[in-house]
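Below, each structure is written out as structure tokens.
Same chain, two partners: subunit A is paired with subunit B first, then with subunit C.
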Partner chain A sequence: MAVSRLNLANTGKHPVTKGPDFFLFKSDARYAYAVGRIRSLENRYLTRQDIERLIATEESEEAYRFLVEKGYAEGEPKVKTWSDLESCLRIQRQEVLALISTLSKDTSISDLFRERYDFHNLKVLLKARYSGQNLEHLLIDVGTVPVEILTEAVTDDDYRSSPQFISNTVQVVNTRWEKTNNPQLIDILTDGEMYKRFSLVIRPFGNRFLNRWLDLEIDLANIKTLVRVKWLDLDTALLTQSLIEGGSIKETELFPLRETPWETVASFFSKTRYAKTVATGTDALLKSDSFLPLEKMADVTLISYLERAKVQSLGIEPLVAYLLLKEYEFKAVRTVLVGKANHLPAELMRNKLPEYP
Partner chain B sequence: MKLQVSATRMELLRLKKRLDLARRGHKLLKDKQDELMRQLLDLIETLRDLRTKAEEQLQDVYRSFLAARLWTDEQMLEEALSFPRKVVDLQVQERRIMNLRVPVLKPRLEGDIYCYGFAHTSGELDACLKKLDSVLEDMVKLSEAEKTLRLLADEIERTRRRVNALEYILIPNLQQTIKYIEMRLEEIELETLTRLMRVKKIIRGE
Partner chain C sequence: MGGLELALFGVALAVFLAGIGSAIGVGLTAQVANGVLSEQPDLFGKALLLTALPGTQGIYGFLIGFLVIMKLGLIGAPTDVPFYQVITVGQGWQMFASCLPVAFAGLLSAIHQGRACAAGVEMTAKQPDQAGKALVLAVFVEFYAVLGLLTSILLIFRNW
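After this line comes the complex of A and B, so read on.
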């Protein structure tokens, strides 16, 4: 199975990014054991057949047994309904993050992927504070800062026990909130700070693979934001605030596209690696009002890039790629579980399945 | 059923007036019932169109929401929607249909429906909220029409009960009582006449 997956990039399923891979990777002997461990785990990615088997299950208990068989959250006691099964994904994600933290020799990088959840928790807590609601149930306790400490810090407005990036983010959000009282900016500013943090850690680390992954991640996020703002006919100022700095395409090049026809957008990206993503995505959006093809194409671009880490034998790249690819697998499993909980027909579920490794 | 009244000429006049009033009331109520019925049938037509349209739109909204939910973690999706910006201020006024007060709902929508960032949410959520935004006014119209329909139906039911009470109980009872009093008065008159004739005979010494 691993061999066929390695060949996916050449079968036309995932577009191949040009350029020699040896340029991307630099060996790091400290990762000999970690990469070996990851290679063995890569064999346990869910395959198309596995997802088909999950779709074919009739009862939630049967699906639970199948997921346990595939290494998902063994021993989760209260699984009774399809919705309960989502907790298996949370546990599995926690396990993967813990594993990567253990295996990584560069904790700043592995922690970065847990800090995503710190930013999520921060958004929840700030929204709870400004709106006066109790949103405790939305906290995800897999970040680098335990939710109790983060909750206490936000409640007391005292961030001495939290990392610097938390207090920086709160300061940025607070300043804008006082002026605008706009809850949307809590998300936009926090997401911007999160990508700033990614750039701050990844760029000086000097790993080409991670640098290019971050470029792709930011570019694709910006492309999706541009298309969404344009399609919804939202204010250009919102686009200015929402675009993330630090990608390979400058935000200043993207702003004018808000006002141009859709054909111009497609032709702007036609010379870039995102040509197919933008052309297919916008075409489908205009025809069927659905963003799924654009998001699917964006995922294909990222997955095909991450799969290149499979040729790297020593280094942090396979760990990061495994962690990120696992998220795509969770997305596919979630699609089936949520589809089952909502009694979606199997064919519709297959159509809605996202890309996964 | 005859009413428990004394059979006097005064009572007869009073009952005749009541009967006249009841007949006029019955006619008015019957007209009101017919007009309410006509309004109800018109409203049913409008309501059917509104409901079909709103249901189709809502199905579309739910379809998009489900698509967004399929690809997004439950907590992240809920976080994105946890602090809405859109404020729906509903002004309730009244209008009258055949003296029946029915509501007129005037929604005032303020703020943007998109209350989240774009980096960690699916575009399907935008599609869902865009559709939801466009269905909001129709849903208010639908609720106004449904409330009006319910009030109309209640009023028709109430009016029908009154019409029936007049038609089958009060008017027949009054008619019966009037007839009884008339007969009783005739009888009394006859008795008096007979008594007079008898007295006349006695006086003549026959």
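After this line comes the complex of A and C, so read on.
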């Protein structure tokens, strides 16, 4: 019963059913130069061997030289510690975002991916305010609002100089915080507002590839929340507040799964593109009490979807895919750098590595 | 409208349409090539071949235009009674129709070849050793422009 309802949802406004790439992409000759440039840059993705080599480096200077050789920004002139190397990563991220903004003919879309960092920074600043901790090191200054301005706005609780989506998000978080005082909700509510913002911009843009990507992001976020709430036996109210609207699977279809056996959850998703993700993720969770395989499978689903943009020769899709795939690479590099800074053994670093292209 | 005007209208179509197709095709490939060359300037030679390929349709259109003008006797060695002075309206229509295969086959094949070449340049950026394969695949589109050219030539040089 549940599965048939899900299939109905999949044939609706934003289908996520698998289909040939021919129907997924729409050619846009305005992106001819941009795609040519991106194709060249795609050659510089770090490979698994490169990450292994980074793990094997002994000194931070050696890792720095390696990253620069692989096309990373030169960063601070004097790299002495592993933590200094994060400056390379920050500058590289800024460069990638600036490049995509320059190449994009649709600024609303390229700005949207910078707004992602505004939401991240807002989340960090709100957490810092409510917990009284100093979380400055977690801020990433590549959003549309400079970190100083956002910090000042949160400190003064005055958002008049910030974009509307910032003040809206703060209002939602503040209202809920006063009622519950639950810090976990800051993440959940900010992410929910971020996806609302994404839906607001991407849906009217009418690009199938981006629409499906957004469906995947929201669905996978909801699946992870459902599994977490179910496994940790958290309050059902938390699930109600956490599920994000706008994906291909309606929240009303996910709520009942909170109370059903794990087999029913797997069977519910078995006819969708999330079948393998959910089956592998929940199996591992039941056997080893770890959410990591589910997280990794979700990333694999997203990465393999983004890699389909390789067949699109003209359009915004290769730009978006490059930007997002590069993010996965940055996460992997950062994991190694943090591991190196904390003197973690190589094997542990390998286990902690997130998925990357 | 007389026969001469109709024939010259055909010439104009052959040159304009095939030329427009080539301009679009070459323009598209050149933009992709510029993007690739901004990061990999050493690929210029390979990108050049793929960029030039959609330009051939414009040459075919011009060739047909030139042949029709020759056939009409507007240029070349003078004859006692040049064809353009005696061409009938019916022959004018026939001459006009002779120009259409290269005009339309040139227009559409150049645009689509441009897209094939643009994708070929992208492929070359990732695998420079495979540029030859990209060129061969793009040449398949050329085949249909050549058919248009041959049909136009056969029609122009039939027994009038």
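By definition in this document, the second predicted complex is superposed on the first by the 312 of 357 C-alpha atoms of A that agree within 3 Å, B and C clash if a C-alpha of one lies under 4 Å from a C-alpha of the other, contacts with A are read in each partner's own complex, and residues count from 1 in each chain.
To be clear about the criterion, a residue touches a chain if its C-beta (ideal position, glycine included) is under 8 Å from a C-beta of that chain, and two chains touch if they have at least 3 such contacts.
Quick caveat, the model's predicted, so the values are computed rather than measured.
Once the two complexes are laid over each other on the shared chain, residue contacts for A:G36 go to subunit C alone; subunit B is not touched.
Of the two partner chains placed by superposition, only subunit C is touched by A:S27; subunit B is not.
A simple residue count on subunit A separates subunit B from subunit C, and the partner touching more is B. Once chain A of one complex is fitted onto chain A of the other, the partner contacts of A:P354 are limited to subunit B, with no touch recorded for subunit C. When both complexes are overlaid on chain A, the residue A:L200 reaches neither subunit B nor subunit C. When both complexes are overlaid on chain A, the residue A:L314 reaches subunit C alone and has no touch with subunit B.
Once chain A of one complex is fitted onto chain A of the other, the partner contacts of A:P183 are limited to subunit B, with no touch recorded for subunit C.
Interface of subunit A with subunit B (complex): residues 86, 120, 123-124, 127-128, 130-131, 133, 135, 137-140, 182-184, 186-188, 190-191, 194-195, 221, 224-225, 227-229, 231-232, 234, 242, 244, 285, 289-292, 294-295, 331, 334-335, 338-339, 342, 344, 352, 354. Within the complex formed with subunit A, the residues of subunit C that make contact are 28, 31-40, 115, 118-119, 121-122, 125-126. Interface of subunit B with subunit A (complex): residues 66-67, 69-71, 73-76, 78-80, 82-85, 112, 114-120, 122-124, 126-127, 130.
Partner subunit C is touched in their complex by these residues of subunit A: 27, 29, 32-43, 313-314.
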